[in-house]
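The structure follows.
Labels run A, B, C and D following the written order; every chain starts at residue 1.
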Amino acid sequence: MMPDLGKYAGAVLSSYAVALGLIVVLVALSIWRARRVKAALDLVEKRNKRHG
Amino acid sequence: MVLRVSNLEISRGGRAVLEGVSFALAPGAALILRGPNGVGKTTLLRTVAGLQEAEAGEITGAGESMAYAGHSDGLKSMLTVAENLQFWAAVFGRSEIEAALAAFDLRELAGRLAGSLSAGQKRRLGLARLMVTGRAIWVLDEPTVSLDAASVGLFAAAVRGHLAQGGSALMATHIDLGLEEAAVLDLSAFRARPRAAQGDEAFL
Amino acid sequence: MMALLARDLKLAVRAGGGFGLGLAFFLIVTVLVPFGVGPETALLTRIAPGVLWIGALLACLLSLDRILALDWEDGTLDLLATAPLPMEGIVSVKALAHWITTGLPLVLAAPVLGVLLNLAPGGYLWVLVSLAVGTPALSVIGTFGAALTIGLKRGGLLLSLLVLPLYVPTLIFGAEVARRGAEGLEVATPLLLLGGISFGAMALLPFASAAVLRINLR
Amino acid sequence: MGRYVRFMSLWEYANPVKFIRTTDVVLPWVSVLAVLCLVVGLIWGFFFTPEDYRQGSTVKIIYLHVPAALMAINAWMMMLVASLIWIIRRHHVSALAARAAAPVGAVMTLIALATGALWGQPMWGTWWAWDPRLTSFLILFLFYLGYMALWSAIEDDDTAADLTSILCLVGSVFAVLSRYAVNFWNQGLHQGASLSLDKEENVADVFYFPLLVCIAGFVLLFIALVFLRTQTEIRARRTRALIAREQQG
């Protein structure tokens, strides 16, 4: 299954690890902040509706 | 030159503070703005001075014939009193500073560094700056801060002299200058009704 | 405008710091480099033009926040904005005053410091010329950065972060002129490019600086 | 004629509410497509392409390096356009989209730099060479950092939008200047553009098709992230606006 990467295996694998890792962190942070901000907004909006 | 403000709406920090402000200031006239702290006196004066844009309304007649004095005097402590005045005179394309020194009783201090002056003396120098600009419309924000009674008298006399020469003055101040001819405008009446700040409107 | 320039120069002389601090910093950087890379003269000769450029650039950077901050704090900028001077003119004069008080002394000191770094004999002229052509760009770009960060609490660090990337082209062409000059190579191409950047920055950046300053004053 | 009356102008999406409503519908599709393209492209590239006769298995890094490098530049271009729209038409969504794109662009630049260094080590025998392309990307990264730092340093939202837009404009000019300066300064080891129309220099077809899929994946990922992050910026701004209104009474 795993292709034989030869003597460059380290370089190739770490490239994939670094790049995918950075992308995952970026996506996770974006989603996490999106959720948090949305929750905060919902709270404020609900409060605004209740008070008129 | 008549300074005319019509239906002005202004905001501070993106939030409307005053609306529907209208007045006219003819040569020889003075107008004193009053109102509690935060009503928007400084903002109004800065808008008239062109430092800030109005949200709505029109200001005509200010621009090239207006001299502004705000909370800070724009003095350089490493320059002498005379040099500070000479600089501002030169910026406005003039050179005469004697009359201003005399009017604010600064003659004896002319050679002193501005940094060595007391707060009141600095303020007097800041106000003397108005005279060297040669501009007709004075826009003054709390001009009498840190002045003693005698200095307030000097200032009132300078304003009166300015009006007599066909100038005009728009100022925000709480103390009584003894300028009987000055009209008073209470800004409390123009308070903006609560509403979203200009930049926020799109998000509500 | 002339009055503003004269006042800024007078203030720089009276306050002392203007000329002295930048020059002292330049001297110290130049002196520290041999401690860092070793005293071998051949190596120093080779890196001298670049070190002089970096030193001048850092010395220039050090004084950028003073270009506008002092006038901002004491309200002078507000008053100048209501005076009959165009904002573009004000920022240009401010940059010019900064160049005369900081850039010019650095230009003149560079050949002297070149002696410490064993600069090649042919290099003195071109170090001088490249700095003379390039430092005005540093002042103008720095004024833009100073206008952007005026009134910010942690402005100093941010100013460096914003300005240093903008300095890259000037540094590259300037140091290239100095290096080629020192090695006796042709310098016309990088010198023309450096001049282009310098004049372009002087002609166009004041508009951006003035726009930024108007936004920050309101 | 009547048909055109209902034609919706592109500018209507500049309304924050409309933007959120539209992107809420589009975002899941873009995200799914992005993941699909990335998975297909990367698996295709990693497992089912041959080794290059010169570069060996390191050629597989191309599927990350080239798309990331492209997006690093395109993100800045997008920010430049968005900044111009804010300066000229003052649409809030545009300014916030520029803000939202900056961290994505910075991460793309970082990926391009990191994969470039990892690729350079076996090929050129060094992690880092002051090659014009690598250097330009490093400078671009500094521009991203400065831009983001300025956004977060200014408290007033509209002032921050104004100042960062002008910085983006000036920065773009200097970024281009830097690119030429760096080229002049060092001719470099880097091969030419991998996707240039010049057939001789082009990568072979076996590498080309999975690379295209990966590029599509990165573009879609960028769009999805910018949509999501712009939504977040809009919501954050709306929260602040509502709280400010409450306090005003």
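The rule we apply is simple: contacts are C-beta pairs under 8 Å (C-beta built on N, C-alpha and C of every residue); 3 or more make two chains touch, one makes a residue touch a chain.
Note that this is a predicted model, so its numbers are computed, not measured.
Among the chains in view, C has its Cα centre nearest the centre of the complete protein Cα set. More C-beta pairs touch across one of A-D and B-D than the other; that pair is A-D.
Averaged C-alpha coordinates give centres for chain A and chain C that are 42 Å from one another.
Centres computed as Cα averages put chain A at a distance of 54 Å from chain B. Spacing of chain A relative to chain D, judged by their CA centroids, is 16 angstrom.
Spacing of chain B relative to chain D, judged by their CA centroids, is 49 angstrom. Looking at chain B, one finds that none of its residues touch two or more other chains.
Residue positions of chain D with contacts to 2 or more other chains are 238, 242, 245. For chain C, the set of residues touching two or more other chains is empty.
Per the contact rule defined earlier, chains pair up in contact as A-D, B-C, B-D, C-D. If you check the complex, the residues on chain B that touch chain D are 13-15, 194, 196-197, 199-200, 202-204. On chain C, the positions that touch chain B within their shared complex are 2-4, 7, 10-11, 14-15, 71, 73-76, 78-85, 217-218. Looking at the complex, you find that chain B touches chain C at residues 49-53, 64, 66-76, 78-79, 83, 86-88, 90-93, 129, 133. Every residue of chain D that touches chain C in the complex is listed here, in rising order: 139, 142-143, 145-146, 149-150, 153-154, 159, 162-163, 166-167, 169-171, 174, 177-178, 180-182, 184-185.
Here chain C touches chain D in the complex through residues 144, 148-149, 152, 154-155, 158, 161-162, 164-166, 168-169, 172-173, 176, 189-190, 193, 197, 205, 208, 211-212, 215-216, going by the rule given at the top.
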